[in-house]
Amino acid sequence: MPDPFAALRHELAVANRILSNEGIIDAFGHISARHPTDSSRYFISRHRAAELVEPADILEMTLDSQPVHPTKVRLYSEMVIHGEIYKARPDVNSVCHHHAPAVLPFCSTGVELMPLFHLGGTLGGKVPFWDSRDEFGDTNLLVRTPEEGASHARALGPHFMLLLRRHGASLAGTSLRECVFRTIYSTRNAEIQLRAMAIGTLGPLSAGEIAKCGGHNLGARGVERAWEYWVTRLQKAEAMWVAAGLPRMQRLAEVGRPRTAGLPQARRAPARGAASAKKKAGAKKR
Amino acid sequence: MPDPFAALRHELAVANRILSNEGIIDAFGHISARHPTDSSRYFISRHRAAELVEPADILEMTLDSQPVHPTKVRLYSEMVIHGEIYKARPDVNSVCHHHAPAVLPFCSTGVELMPLFHLGGTLGGKVPFWDSRDEFGDTNLLVRTPEEGASHARALGPHFMLLLRRHGASLAGTSLRECVFRTIYSTRNAEIQLRAMAIGTLGPLSAGEIAKCGGHNLGARGVERAWEYWVTRLQKAEAMWVAAGLPRMQRLAEVGRPRTAGLPQARRAPARGAASAKKKAGAKKR
Amino acid sequence: MPDPFAALRHELAVANRILSNEGIIDAFGHISARHPTDSSRYFISRHRAAELVEPADILEMTLDSQPVHPTKVRLYSEMVIHGEIYKARPDVNSVCHHHAPAVLPFCSTGVELMPLFHLGGTLGGKVPFWDSRDEFGDTNLLVRTPEEGASHARALGPHFMLLLRRHGASLAGTSLRECVFRTIYSTRNAEIQLRAMAIGTLGPLSAGEIAKCGGHNLGARGVERAWEYWVTRLQKAEAMWVAAGLPRMQRLAEVGRPRTAGLPQARRAPARGAASAKKKAGAKKR
Amino acid sequence: MPDPFAALRHELAVANRILSNEGIIDAFGHISARHPTDSSRYFISRHRAAELVEPADILEMTLDSQPVHPTKVRLYSEMVIHGEIYKARPDVNSVCHHHAPAVLPFCSTGVELMPLFHLGGTLGGKVPFWDSRDEFGDTNLLVRTPEEGASHARALGPHFMLLLRRHGASLAGTSLRECVFRTIYSTRNAEIQLRAMAIGTLGPLSAGEIAKCGGHNLGARGVERAWEYWVTRLQKAEAMWVAAGLPRMQRLAEVGRPRTAGLPQARRAPARGAASAKKKAGAKKR
């Protein structure tokens, strides 16, 4: 019986590897996607560095972050970050959690992240902070219990990015690719902010600019163009892996094909042949 | 019928990939070249990350940034940046637009870019700013309408580099390779300025030094030496791509051959065989 | 006769190459591991850049840092760093010494390293300083004599990381993989501290958080996940080497298999077949 | 007739590529070596990026920086940097000139470079400045005339590193490998100084420490260990080039063999077979 979620598993594995290849996630951090047809489920890798995640590593979880199918494999200890956001935010279909070096200085100092260029507009008008100490006192800083996960989701509120004091960042998207896009460009924006603060006074986007930028950049055009770029860079990086005699991820060469961001992948599966043919003939202007 | 612009398309595709490989352009940004014999036309890629641009992606445009040949492929939304500069500046034969991380801190703070070493002299004596807010209020920051494009070109004035507040940079060159050279070394200069401002007081080039540096560095000698270097680095980077079983760009190994910077490529096409033979025999001192 | 320390030699060679590949050690610096069954011996490479260390380069030393088996090969001049820590600290089974660019600014200024995120918690509550000038006056800064080595070990005291003024850092671990983990994440923490100090006031972990983070992160789960990641990155990097016709390190593809951090490798050798089979079937949750 | 300088040409080409691969030289910059038996001659590449220099590109020059054998190939415009230092400093057998991004901030601000760790001790007790404006007014900043070259050599005086205001750095060594070592580690030291100045007050080496460090680090042990490391990294980087079907530099795999730093290469040529055999048997401790 063919796996109805094969395309989704593959797409999520590629997202993991892109975030590793782009320097956002190292051995730690994770990204998930909500089930395309059952909003009470989500998919996430087993306990493994994103660089290595394969489609077979992707597991189905309840929103209480329990595996739908019993398993003996190790699981991430912070899955409640994902499950509790999915509970609180029906509009969110993908969640990412990371500790990128450009974002940590903000988590350490409490300096606010501000959108400094149109692509940074994707982080939105406000990036709130969450401090585990406020409700839970001294912990190992990981978000592990349902209570911690719910508190973390409340701090995110209606926003799409949250900074965790002394820990990292969590991001949300209406689709997997949008979440990857926001994760990468909010990190690029953080990098620019670090450097800009060293030479002068920041001139951030206005509220009106943020609203207009967010709208444009998260449209299918920009997200797909960036996705094709990141997949290409990943293919180059993995070429070395293949050269070393290690297995390449199944069908990686195909992942660049255009898809409508925001739509869960599984729904698109039947259209793949058509989409692929359309691509060869030249993508339509939309 | 052979394509009379094959050499130009190839050269422009290589320029795109060099700017990506050197870290100037990521998924976004673009470079164009004016038509070698019809000054009312220019060439630019379809909507695609520079890393991936192939000769077949290069399209011919009017100076109103409309495709000369009707097409269904997606187009960049900011082509007026190119068309309006070509209208305003007959001396300009190539335009580049990017959001390099070393340049964005200046776009965010309004700190002026200054030439700090001889190769940075290529950015000229003044790098003006353009702020879309001044004439157009809150926008998504992209330069999309003819009015915005014309305003942007007026801000460039007689200069060769323009900083866009909260957005990026636009550069001009009398030839494609000169434009690539200026784009890369102005970014390297920005990088140095960021670091120098952190430790002391800048001692920029004098007006006389800028004039003399600009003249020397944009001569054929320096531009060709740098072009051969960037092509070599690109070849190494794309070797990984080829190893992954992906197509290499047609005739990439040839692009390093000497050409006179500043002359449109198409005019040189008949001389290729001779130029290639000359190269093997050892390039003449000029 | 098979070498009873083959697995240990291999593991230590991989640790060397990981630290080079991750940008911690360049031509200089070294890592050692205590003998798994004889606590009066340790293993370390001959005088060679970590990038190049092979299993055959690993030599057995007394705690006085003399080779157990007479040899004519060149030896590191700073081996007393290792031997004297093993003498003073029975709980330590691995020592690393390096000059990572992110750590040197602290060694130059005397600014204290502080744990800024949970993974940085691995550097512990205090990172003391040692200054060779205090006891030995002007030297070439290397730690070469038994007296210098003993002074350096006293400065480490009960801690796991020591900064050497105008020189570098030394780290200790209860196992080889833990030492690699601490070395890499303390350097990542230093990188974050450098950037955070440029934009605001540091908010470091509390004493309670440090204690809880250290405990969690140095458990087998996190260390093994990171080890698999670093080995994968090493494999990609060495693929280029292999492509150049150079020898790949023996059995490198195997090093990613799970092992219990903290247990010397030689004891695990008999279990290899079983461990490998278990891995294929999916690692147990523990 | 075999070329008596084949080994030297090869070694100098490797030095060029190492300096490019290590990020010191980009399209511009150069390194030379004095003739091993005729002190009135030196060797340097024709006008070409260091990344691409091949043994056949190496030309023999008089100390007036004129080619010994008439040639039509392009030459570097700044060769007097090399020739005039060789005239003024009989102890110098190699000269390098570069514009590394970590060094340029010092050239722009006039902040003094200081040795901050033992390997940085190689830059010596003082790094003087030279400003072309002092004697020559506004120029294009390049050192092109014999008078400019002589002024530049006078500014170097008895030292081994010189900073050129608004331009770059020039370095000298008693051997080619020592010059490469000093060039790379002085740049690493500059990188550390930039970062250290951002967080605190520098605590540089004392005069006594500088003297002792310089002596040790430039001994054959450290220089050879670093050379083997840099050659290995170059081999990995060029593996991609080879994979792209481009020619690898002749005999590159051999360059890592131990040689006594400070001795011109041509003298060692007869001993190559023996040296190679000795290496396989394990290098002697000296």
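When the chains are written out, they are named A, B, C and D in that same order, and each has its own residue count from 1.
As a working rule, contacts are C-beta pairs under 8 Å (C-beta built on N, C-alpha and C of every residue); 3 or more make two chains touch, one makes a residue touch a chain.
What you see is a predicted model, and the numbers here were worked out from it, not measured in a lab.
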Label of the chain whose CA centroid is most distant from the centroid of subunit B: C
Homomeric contact subunit A-subunit B: same or different residue positions, threshold half: different
Where subunit B and subunit D are represented by their mean Cα positions, the distance between them in whole Å: 32
Centre-to-centre distance between subunit D and subunit A (centres being mean Cα positions), rounded to whole Å: 45
Subunit C residues counted as touching two or more neighbouring chains: 193, 198, 237-238, 240, 242-243
Chain contact graph, described as a line, ring, star, complete graph or other shape: ring
Full enumeration of touching chain pairs: A-B, A-C, B-D, C-D
Interface residues, subunit D side, partner subunit C - complex: 116-119, 121, 188, 191-193, 195-196, 198-206, 208-209, 212-213, 215-217, 221-222, 225-226, 228-230, 232-233, 235-240, 242-243, 248, 253, 282-286
List of subunit B residues in touch with subunit A within their complex: 26-28, 47-49, 51-52, 71-75, 77, 99, 101-102, 104-111, 133, 137-142, 165-168, 193-194, 197-198, 237-238, 240-246
